Amino acid sequence: MNFFLLSLIKAAVVAFVLLTTLAYLQWVERKVIAHIQVRMGPSRVGPHGLLQPLADVIKLITKEDLIPPYVNKLLYLAAPFFAVTMALLSISVIPFGAEIHVFGGTTWMQLADLNIGILFVLAVSSVSVYGIALAGWASNNKYSLMGGLRSSAQMISYELPLSMAVAAPLLLANTLSLRHIVEGQAGYYLGFIPRWSVIQTPMPQIFSFIIFLIAAFAETNRVPFDLPEAENELVAGFHTEYSSMKFASFFMAEYSNMVTVCSITTTLFLGGWLPLWPASAGSNFVPATVFVLAGAVALYHGLNPARRMDRLTLPVVAVVFFLIAVIFLIPALQGALLPLFWFAAKTGALLFLFIWIRGTLPRFRYDQLMAFAWKFMFPVAVLNLLVTGLMVALFS
Amino acid sequence: MDVILFLIFAAIAVICGFNVVVQSHPISSAISLIGVMGSLAVLYLLLGAEFLAAAQVIVYAGAIMVLFVFVIMLLNAGAEIRKGRSLLAQVLGIPMLFTFLGLMAFFTRNMFPGAPDVHFGGFRHGTALDVGRALFTQYLLPFEVVSVLILIAIVGAVVLAQKEME
Amino acid sequence: MSAGVPISWYLILSAVLFTLGVAGFLLRRNVITVFMSIELMLNAVNLSFITFSYQLKQVNGHIFSFFVMVVAAAEAAVGLAIILTVFKNRSTLNIDDVSSMKN
Amino acid sequence: MQLWLIPVFPLAGFLLNGVFGRRFSKAAVNAIAIGSVLLSFCWVVKTLLGLGDLNAAHTEQYFTWIQSGSLNIGWDFTVDRLTAVMLLVVTGVGSLIHIYSIGYMAHEGGYYRFFAYLNLFMFFMLTLVLAANYLVMFVGWEGVGLCSYLLIGFYFDKKFATDAGNKAFIVNRIGDFGFSLAMFLIVVNFGSLDFGTVFTSVTGKSEATLTAIAFLLLVGACGKSAQIPLYVWLPDAMAGPTPVSALIHAATMVTAGVYMVARSAAIYTHAPAAMEAVAIIGLATAFFAATIGLAQNDIKKVFAYSTVSQLGYMFLGAGVGAFSAGIYHLVTHAFFKALLFLGAGSVIHALGGEQDVRNMGGLRKKIPWTFWTMICASVAIAGVPPFAGFYSKDAILAAADQHAPWMYWVGVITAGMTAFYVFRAIFLAFFGEYRGKAHPHESPLAMIGPLVVLAALSLAGGKLFNIPEFLAPLFPLAKETGDIGPVIISVAFGFAGIGLAALFYLFKPGLPDQIVATFGGLYKLVYNKYFVDEIYDAVVVNPVVGGSREVLWKGVDAAIIDGAVNGVGSQARGIGGVLKRLQSGNIRSYAAWVLLGSVVLLLVMGVMGGLR
């Protein structure tokens, strides 16, 4: 039963971290977009609005849970549940780090290492369209239906370039297991250029990476592909009729999908938990350095406060950062924490990219969206796959 | 463990399958069918067909059934109108179904008297590697033929479904 | 090792699902549901293919299933396109109403 | 040695010009068409130089084409000395004619089409020549027939041209039928179609079998090489552009029959009756065609009958056992007959399409280059020593003399007639007063150049290329008799023919008409080509057409076949009327029937114990 116990613990840890991340991801998004638009963003609840997510959760839970009378009840209730389940499911196969030793045994920082990990991810992502489609249909509202239809068409269409883009790095990795895909990207060219899929010989997967990212934007219904929920066209689309926690579920599903997609991108293309440069060149000290620098910045602002509260809070933050930096320097913990740091850093960077694009790009028109998927993305992805296959066949 | 898992998912499959038949609204049937397919995917895993399990979900649940749901939503198909029953189908059909099922069950029970039981992990050659190897060597010609078939199907579907041009 | 599942259980499950598919085909009138019943039958057959593959310790059954899936996908695409066209021309999904082949 | 490149060059040219030619400029079409043939020629030369003395055949196998039981037919090419001669003639003369065509076709429509067809022809001809077994040869054989058809009917807007194309194609079918039957016999008896296998195992076979094969092959050769009784298509084939007449219907394709007979020499030498038939057919053709040639007024027709006649000579040579002499004549004939046709083409070009010699005359001064080159060809064909025709014709006649003296005498008379009709055409066209209306102008350099080269070859080719000696490893040399009597006689007949022609058409222009008046019936017979076409129409064509219409169409097709089909149809309708009750149009009831069927099937299988 040790296996089950270990799995349960890992699942609990992942779920806790993931849900917290989701909550704060939304805070980060609001902050970043606010700064893009030169405003402050949430700043009332807690220092810098840090408690805003909590407030949101309380608000959503305590709101009245409306169920319109004309909906198809079963499907109406099942849809958000389904959406959030599917969104959280694919996280289970993503490896966060290398082998670690706990409780006298060894395990992987990954919930389940499937032989067909990447197929599992594709399967889940292909099924997750039902959440939105059914929500749109069950709401019995023409705007919701339009949103649902749009979303199913969009997700089916972008599923193809996405799968094609995934297939190309698989040719380099020669495996379907996500952990082995990451391990296949270990090592460095010339001692310092990482052998990540994006730049791996014989065929750098840079096109694949870009196509995957674009398709990922569409799959997660993010700007510039957020047609299913286009507020000004469809009155928020498929979730018009949802309120309270059911609305929150869709929200969670969207952010969870974002995290999943970024993690997969990191795993497939950016070397997963592997460091940016070799340990021999000091990559082990990067996290400590980063946190020390962050702590130093916090301390500086604490000593030169912009607001009154900062005098108190920022030094505390700085101390926490310094502590984290010290933790990262403990050799016993480094084995577990360094991979986590790198994984989180890469995924975080991608998440920032998502938010950044939301803050800057306008929405596509529907026909443009479809034409883009079928007439540009798909051919390019297929071409990339063919060329990769050829190169792999020729050079390995 | 094997028996429990089998029974759970077989039960889900049968209940959902039954639901496909009895639900009056096509979308409920479609959802039930997705349930059948999902539980069948788990059964495939138990039988060691991990690649097929993934393919089942991706192709059936993720592509074919999405198309079904999409069409149902597009046509806004309502519940079935019960009228003009086909007498033949009813009179001949229902007894025939039971005879059919009984015969099949009887034969399958008698066909494998001493066959070993199914254990999870008893067959380890259903990986993507094995399936791919068989597909691209021994079954290369059918594979290519099927790819042409798919192409024809795509063209056919586009021609059928396109809007009238002028 | 705990007790395994007799191979015939899988086959009987397959037979049951197949029969349910036939029943759906016989008793339902909505074209889409009838079509889904066909898919159900195909799935049932796939299950027996994979069971036989286990029984014979060969991968061939998987290949057959794979081809069945591919053909099912092609069939769904064309079939649904036909249904769309029929609906556009006759505004009905009732299979009994689509009987112009008679006489 | 990459033999396959030889035919592939023209094929590439054909594909390029055929597919994209419409968009190319004329210069590009020229470059591709002529470049490909020249490349092919160069590759032939390089290959032959690389292969050394070629005493043994050099064979290359590319892929298995047909495999059926023990029969294994590969796509193989072979080169021996015979092939080498043919390759050089085909690519060499072919290149010259391609170059000539630039000038001749300059103002014609379908320019790229013409060159594409010519290149395709080169491809098939080279395949025919290079083939290492009968089937590959047959591919080339049929292919050149196709190109011949396409090029005869090149002016497809003219009915007589398309009719002539059809005629060529249909008459050739008869020959091809014989060839096919011969191949079937070879497969049955030898189990292979490879030249090497067949020829080495000839000795063990019965003479009757070999004679049958040889006769059937002869039927094929007669069709392709325009021998009696299948010669009728060749004169009509002059409807095509003149370079086509020169290349296909004089120099190369029509000699394929001779080549095939020479190639199958091993079979023929074991079938004396067939050999005799070859000789007689050749001799008869030579004689009759020559007589017809005496009275023709169309300059191309004269040369066409002359071609038939000279092909008869080649057959005579092969038939009397002097295969190398036949090939020798094939080579020299390729030079001077191509030159005659090209010269005729130059004349026609100069006169803007006029072909009747009665409307020419006095062209000697106006188109001197054409005149002098044609004189070279004429003396060569007339057998004036020491020019090309003399050597080859003499070799054939000498062999005929040894075989049977009467053949020699008929051959000599034919030689005299040959000299007469060729010089008749020359005198009528180039001497005396100009009787036409057009304004003659000399042809462009692209046409004159090939004429001059061919003229040089016609003059010196016989002495230069001693074909019999070159082919000695394949076909043993005839023993020298040292008797120069026959030679003197044949040369004398040649000069007599020239003299007679000069007398009739230079010095006493009224004489021919008197003779015509005296022998009116005979002249009419000859002028109308012995009414052979009319006889064929009456004996073969009309019965076939009538029989098809009356018996096969109205009787067999309408009554029996249609009746049977209609009967089946009405029966099916009757049964269907009963069965249609089952077809309710209700899909679900169909499904119920299917289910019933499967249940019954299961039950039956269970009862029979099929499922244990």
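Residue numbering begins at 1 within each chain, and the chains themselves are lettered A, B, C and D in the order written.
Just so we're on the same page, contacts are C-beta pairs under 8 Å (C-beta built on N, C-alpha and C of every residue); 3 or more make two chains touch, one makes a residue touch a chain.
Only a predicted model underlies this, so the values are computations on that prediction, with no experimental measurement involved.
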Hey, if chain A just vanished and nothing shifted, what pieces would we be looking at? one piece
Measuring centre to centre, with centres taken as mean CA positions, what chain is farthest from chain D? A
Inter-chain centre distance, chain A versus chain C - centres from mean C-alpha coordinates, in Å: 37
Between chain D and chain B, distance of the C-alpha-averaged centres to the nearest whole Å: 66
For chain B versus chain C, what separation do you get between their C-alpha means, in angstrom? 5
Of all residues in chain D, which are in touch with two or more distinct other chains? 584, 586, 588, 591-592, 595
In chain C, residues with contacts to at least two other chains: 22, 26-27, 29, 96
Show the residues in chain A shared as contacts by 2 or more other chains, in ascending order. none
Where do chains touch, given as pairs? A-B, B-C, B-D, C-D
Counting only contacts in the complex, chain C reaches chain D at residues 22, 25-27, 29, 34, 95-96, 98-103
Going by the contact rule set out above, which residues of chain D touch chain C in the complex? 580, 583-588, 591-592, 595
Residues of chain C touching chain B in the complex: 1-13, 15-24, 26-30, 32-33, 35-37, 39-40, 43, 46-47, 50-51, 53-55, 57-60, 62-63, 65-67, 69-78, 80-85, 87, 93-94, 96
In their complex, what parts of chain B are in touch with chain C? 1-3, 6, 10, 13-14, 17-18, 20-21, 26, 29-30, 33, 36-37, 40, 43-44, 46-49, 51-52, 55-56, 59-60, 63-64, 67-68, 71-72, 74-75, 77, 80-82, 84, 86, 89-90, 93-94, 97, 100-101, 104-105, 108-109, 111-112, 115-119, 122-123, 125-126, 130-131, 134-135, 139, 142, 146, 149-150, 152-154, 156-158, 160-161
Using the touch definition up top, name the residues of chain B that touch chain A in the complex. 27, 31, 34, 50-51, 53-55, 57-58, 61-63, 66-67, 69-70, 73-74, 127-128
